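Shared between the two complexes below is chain A, which pairs with chain B and chain C, respectively.
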Partner chain A sequence: MLGAKYVRSRVDWGDSREPLLNRVDISDRTLKWLFLLPSVAILAFLAIYPFIQGIWMSFHEWPLAADTRMWVGLGNYEALVESDRFLGSARATVIFTGVSVGLELIIGVALALYLRSLSSNWRPVFRTIFILPMVMTPIATGLMWRLLLNGQIGVVNWMIINFLGMSPPAWTSSPMVAMATVIMIDIWQWTPLIVMIVYAGLLSIPETMYEAARVDGAPRLAVFRHITLPQIKYMIGIAVVFRLMRSFRSFDIIWLVTNGGPGTATEILNIYLYRVAFVNLQGGQAAALGIILLVVTIAITMGIIRGLGMQ
Partner chain B sequence: MTDNNRNRVSRRRVLQSLGVSAAVGLAGCGGSGGGSTSTQSDAGSGDSTGSGGSDSGLPSQSEAVEEWGQRINEHARQAGIDWEQFEGTSLIFGMNVHPFTSVTEPLLPYFEELTGISVTYNTFPEDQLWQKLTLDLNNESGVFDGMFLGLWPSARYHNAGWAKDLNQYITDSSLTDQDWLALDDWPDSALNAFTYGDGELLSMPFGVEAYGAVAYDVPSLEAVGMDAPSSYPELRDVAKAIHESDDVDRSGIASRASSTTLSSANWATVFKSYDAEWLDYEAQEATLHSDKGIASLEIFAEMMGDYGPSDIGNFDWYRSNQAMGNGDVGMALHTPSAIGPWTQEQIDRTEWLPPLPGPDGSQLASTWEWGLGISQFTENPGAAWLFMQWALSRPMMLLTNTQQWEGQAVYGPARSNWLFEQDEYQELGPKESWNEAHRQGMEMVPSDPPPVPLHTPQNMDIMTEAAIAMNNAVTDSKSASDALGDAASPITEYAKDIPGEYL
Partner chain C sequence: MSTRNLPDIGSTVAFATENPRETLATAIKYGAGVVVAIWMLFPIYWMLTVSIQPQEVIMNWPPKFLFFTPVLEHYVALFTEQSFGRYLLNSLIVAVGAVSISVIIGVPAAYSLSRMDVYGGHHIGFWILSTRMIPPLSIMVPLFIFFSDVGLDRSLVGLTIVHFLITLPMIIWIVKGFIDELPRSLEESAMVDGCNRIQAFREIVVPLVMPAIAAAAFISFIFSWNNFLLALVLTGGDTRTAPLVIQSSMGYLSINWGMLGAAGTVTVLPVVLISLALRNHLVEGLTMGAVKQ
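Presenting the complex of A and B:
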């Protein structure tokens, strides 16, 4: 449809100084697709084909260390859903994502409100401080925290022992504490994202609305509930969607700090996927796990988007 | 313990750590993410035996490389083969971040001078190396002509047909002078471990390790008035005494005990010495949750959980090595040939014992080997074989096992039948108890069945489950009985998948 022959046939080859595109007799609709074609082709090559291949793999027993490929239908999905390890990972994912994103949201909104309340002199200073953790790569963050929490040379333990006179917690050796540790690090790194998005939303609220509320004598909680919150609702939704999508795919920090341990206490689905793919070399089951992760992520984010009426 | 911790965590060390943490964080700012930043070195990948000190008067690296490059090539020219038969070839080897890599890499120009073959190392941290190799070999793309091979996953490589049988090159007189190669230098067990199927040799080891030897700090034992342990209950008692002593600022004992596969290695030695078995190979069922298996994990978990550092559940090889090398623990279950950068003071204070006997007197040790193999998909197998012979030659093994330049890392005596007799090794190598623990440890490695199911392609899967169970018990997340009971079911599933030819 859009071959070179077709384009040549539509070009006015007369002696014109007009730009080539103006001389081509192609509808806007066709032209739009013509411009999109390179990106679509690259996207298809890099994303769509592997995605379809992933779905195809998930219906096969596909060991990465052998040449055998065997159609198993939904067998990989059934095996996963019936396995305690998968259910444990799903539970860990729900806890990790739910608690970390929930706390990030509360702290992030609070910090954004605090940032907005500051004078214009202090705002840039605090904004910079708040944003610093977010600009670190997750791998650097994981390595840094691993050193900070190191039992022999870690600064955090040293401070707890010397300043608080307490025994430091088993940061990575107790299932509960290890989960709390990775959640704490995730909150440290990603709360700034929520701060920035919500802060941008806060800046867009007209000052006149607050002035009217003040004139009516509305208490601060009511102002927050009836003016601020509705006005930043969509921004909060966007922030939560971003964080949920990222949190489901968390890997670096957990891998570096706890390795998914102790046992499998912090083995969220993405860590489990890595182990299935690169330790067990079970390509089919890893693909099935990836598809499940994708579907769950899309379902939850779409639910939030619909729930907030953001379509 | 609080007092112990207070003393152990010095301000200087904390400040160092704070500086490094900040540097790591700042270095990561604005980066693109990803990259080869993992510092975890899980398998038997040691850094250095630490023989020799920083003020030892050793030459600089460039001086030593020149001397050893010439020495290795002089030795190579004594082989009755044409080293230049593949002149102009270029090779890529997939390598681990490891002392063998860092020591041999500066010498590569001498190999090119000898053969006209250029060799490039593509070096990755261990977990990334396995990924790269898996993808390359699975795609049959042949990017890597040769690669690091570790013992535990190598049956998988054999089953997948990813590595060439080296016998075809050893028996080819145009490629190998067998007298010069001197296969007798390697203990039979070292080569047998890498032999699969119909006598196919997948890899030539440059480092062998016995797991579960005991390193102990002599002054700590003297301070608590106890002798070196001769059984696991005694080891536990000494660990307890050190841990609870007011006179010793150290935790009792350490070992790798994290949930990663190779962290099961030292416990595997305890497990085997308790006469426990991982599998019933005939029935293809897990048996690790037997009474003997549970007893082995109970005592290991008690030692590490109760008398180890507070974050023992996160100890991989690197952390365990660091704890002993820095003087933070009184003892360590460790592998002599893979100790890392210890302080000279700690090296002097440490004595070694071979793996201890179990309740019925069995002394069996788990093992690891690092070697080089040739990719099935390379177009240059002959050139790769020439490189392997050169890189594993006698003088090269002497170099990689003795510190010859300032800051040189040292690793693993694979050609031990020859190496241990060399004056240079005896003079510059590690202390006698180290050698003895290594030698006796290697003699304790069983071959039929091997200490872990390393003759099966499912070994990594099985030992990953075992490692998770061990980690659960050490961190008190589950009892030893429950942890092993829970691991039995997935291990049986993996055991059912073992192809008949490997049973």
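Presenting the complex of A and C:
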């Protein structure tokens, strides 16, 4: 009995020249979960486990350098809300994200309209140019701008002195100017993304709508407000979502260009969190900060996505 | 003379002869374009320039924009004295590892979400997308502790695992978007002809979405390659990646700009080449398939 079965299966294996996977018959019900499982398991480990562990840690005093941990309940959150440094970095984050994304949106829509107004010879040239800043390694972007704005050999200072006849601003050593500097670099890197997204939206507007407006003799501003803008509203929404997502994770450029300084002027939440966790080694406090950051980020981006009906 | 040339000539003539106001407007328009192009390109050009200038020229005042004798000394020093090649290799190992494993497990997941009516598939898909929204630092503290406990901190294996957070959601979403657009009838007729589901997936669907898989793989490669923060938390010493080495050689006192320019140029070079090759798919990738071009 056993022997016959063994032989038959041997024959089966020997006969077939097809790869093993093709002969294994798995029902769709099993297969769909088999296909999903590895990805879901990895992402759950990387996203859900640290979130839950983070909540647990945030209720403790949990020094990263020692093995002592002490339950403090909501103590970490209370300490954060009362600390000036946290409130300062929350404010810096709001200013950095709000001003940079706002300006990028205005410049980006303007440049997208400009791109569409070009002849078809020039469009690909500009599209290629616009692609470059947004794929630059952020650390290299920071390096470029440190080089450009350097006090001794910085070529931007040289241009300002020689072409404009003014004295150059203190790029990274005055609090207000340092914030403006990092916002400027962010605008350099990420305006192109908005340009490309909005431009994709502009291309989908049927030409006939413009022809109708032209026949009616509508002024340009009216055409923009009543034809262009409603048609690209959805794309602008997408651009805002992706810019906000990216802005809430900004770290590299500020870290390299101002290091959060001078003082704590450009210390956005990410920089503050890094310092609490890996400089001060206060694991519990850092976990609490991480939970706050994560909940706020997800709430804002999900809110916009639901508002847009993107799902 | 063929009539096809007429419109071109017409527009050139208009530029030269029509009323001066219109000429001025055209000039302003193209002038503004040139200004924008310089604004976008000059920082990149300047990093490249400094990397091939001799040290005296870099320190020279006024700076030289165009005419100088290019040298390769900074690149030679970078790869011999600083052994930057090893850190580039680290970056490459992590990015290639994360991308290739993400393709292997992410493409079947995309197929399953797109085609196989998974219970709650819509929510699972959206949850996968939302993992991409998480600010990485907010979950790095528990992950750092976990990796230290199992001895994977300061190792490329640990960094590769965390990089799945960058590459996997991206590949699943982009590829899913493309499978959604394929007509179901292709697989169905193959399955009527006796293929099973796995064969239909491997021999019909995968070859058809191969261009999308390649684009998704290269775009997520760019993001993995560019990443700095995860490496800052999880690596050190010999396991540092290229951006981390650039950052740690930028002290605030004496900076070797020539060599750093060379390091920056070498680091962005693969990214620039990939994105120029993929320029028509890049925005689609950056928005995870939300914007089609």
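Just so we're on the same page, the second predicted complex is superposed on the first by the 273 of 311 C-alpha atoms of A that agree within 3 Å, B and C clash if a C-alpha of one lies under 4 Å from a C-alpha of the other, contacts with A are read in each partner's own complex, and residues count from 1 in each chain.
The rule we apply is simple: a residue touches a chain if its C-beta (ideal position, glycine included) is under 8 Å from a C-beta of that chain, and two chains touch if they have at least 3 such contacts.
Bear in mind that the values here come from a model prediction, so they are computed numbers and not experimental data.
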item: Partner chain in contact with A:I197 - chain B first, chain C second, else both or neither; value: second
item: More chain A residues in contact [chain B versus chain C]; value: C
item: Partner chain(s) touched by A:T137 [first = chain B, second = chain C, both, neither]; value: both
item: Partner chain(s) touched by A:R85 [first = chain B, second = chain C, both, neither]; value: first
item: Partner chain in contact with A:I153 - chain B first, chain C second, else both or neither; value: both
item: First (chain B), second (chain C), both or neither touched by A:F278; value: both
item: Which of chain B and chain C A:F248 touches, first, second, both or neither; value: second
item: Partner chain(s) touched by A:G263 [first = chain B, second = chain C, both, neither]; value: first
item: Which superposed partner A:A66 touches (first chain B, second chain C, both, neither); value: first
item: Touching partner for A:P168 - first (chain B), second (chain C), both, neither; value: first
item: Those residues of chain A which chain B touches in one complex and chain C touches in the other; value: 64, 132, 135-141, 143-144, 147-148, 150, 152-153, 155, 158, 162, 252, 256, 278
item: Partner chain C, residues of chain A touching it in the complex; value: 21-22, 24-26, 28, 31-36, 38-40, 42-43, 46-47, 49-51, 53-54, 57, 64, 111, 114, 117-119, 122, 126-141, 143-148, 150, 152-153, 155, 158, 162, 188, 192-193, 196-197, 200-201, 203, 235, 238, 242, 245, 248-249, 251-252, 255-256, 270, 273-274, 277-278, 283, 286-287, 289-291, 293-294, 297-298, 301-302, 310-311
item: Residues of chain C defined as touching chain A within the complex; value: 11, 29, 32-33, 36-37, 39-41, 43-44, 46-47, 50, 58-59, 61-63, 65, 105-106, 108-109, 111-113, 116-118, 124, 126-128, 130-146, 161-162, 164-165, 168-169, 172, 196-199, 202, 222, 225-226, 228-229, 232-233, 243-244, 246-247, 250, 257, 260-261, 264, 267-268, 271-272, 274-276, 279, 282-283, 286-287, 290-293
item: Parts of chain A lying in touch with chain B, wherever the complex brings them together; value: 64-67, 83-85, 132, 135-141, 143-144, 147-155, 157-158, 161-162, 165-168, 170-175, 178, 252, 256, 258-265, 275, 278-281
item: Interfacial residue positions of chain B with respect to chain A in the complex; value: 1-2, 5-6, 8-9, 11, 13-14, 16-18, 20-22, 24-25, 27-35, 37-40, 127, 130-131, 134, 138, 156-157, 159-162, 258-261, 309-314, 316, 319, 322-323, 326, 328, 457, 460-461, 464, 468-469, 471-472, 474-478, 483, 486, 490
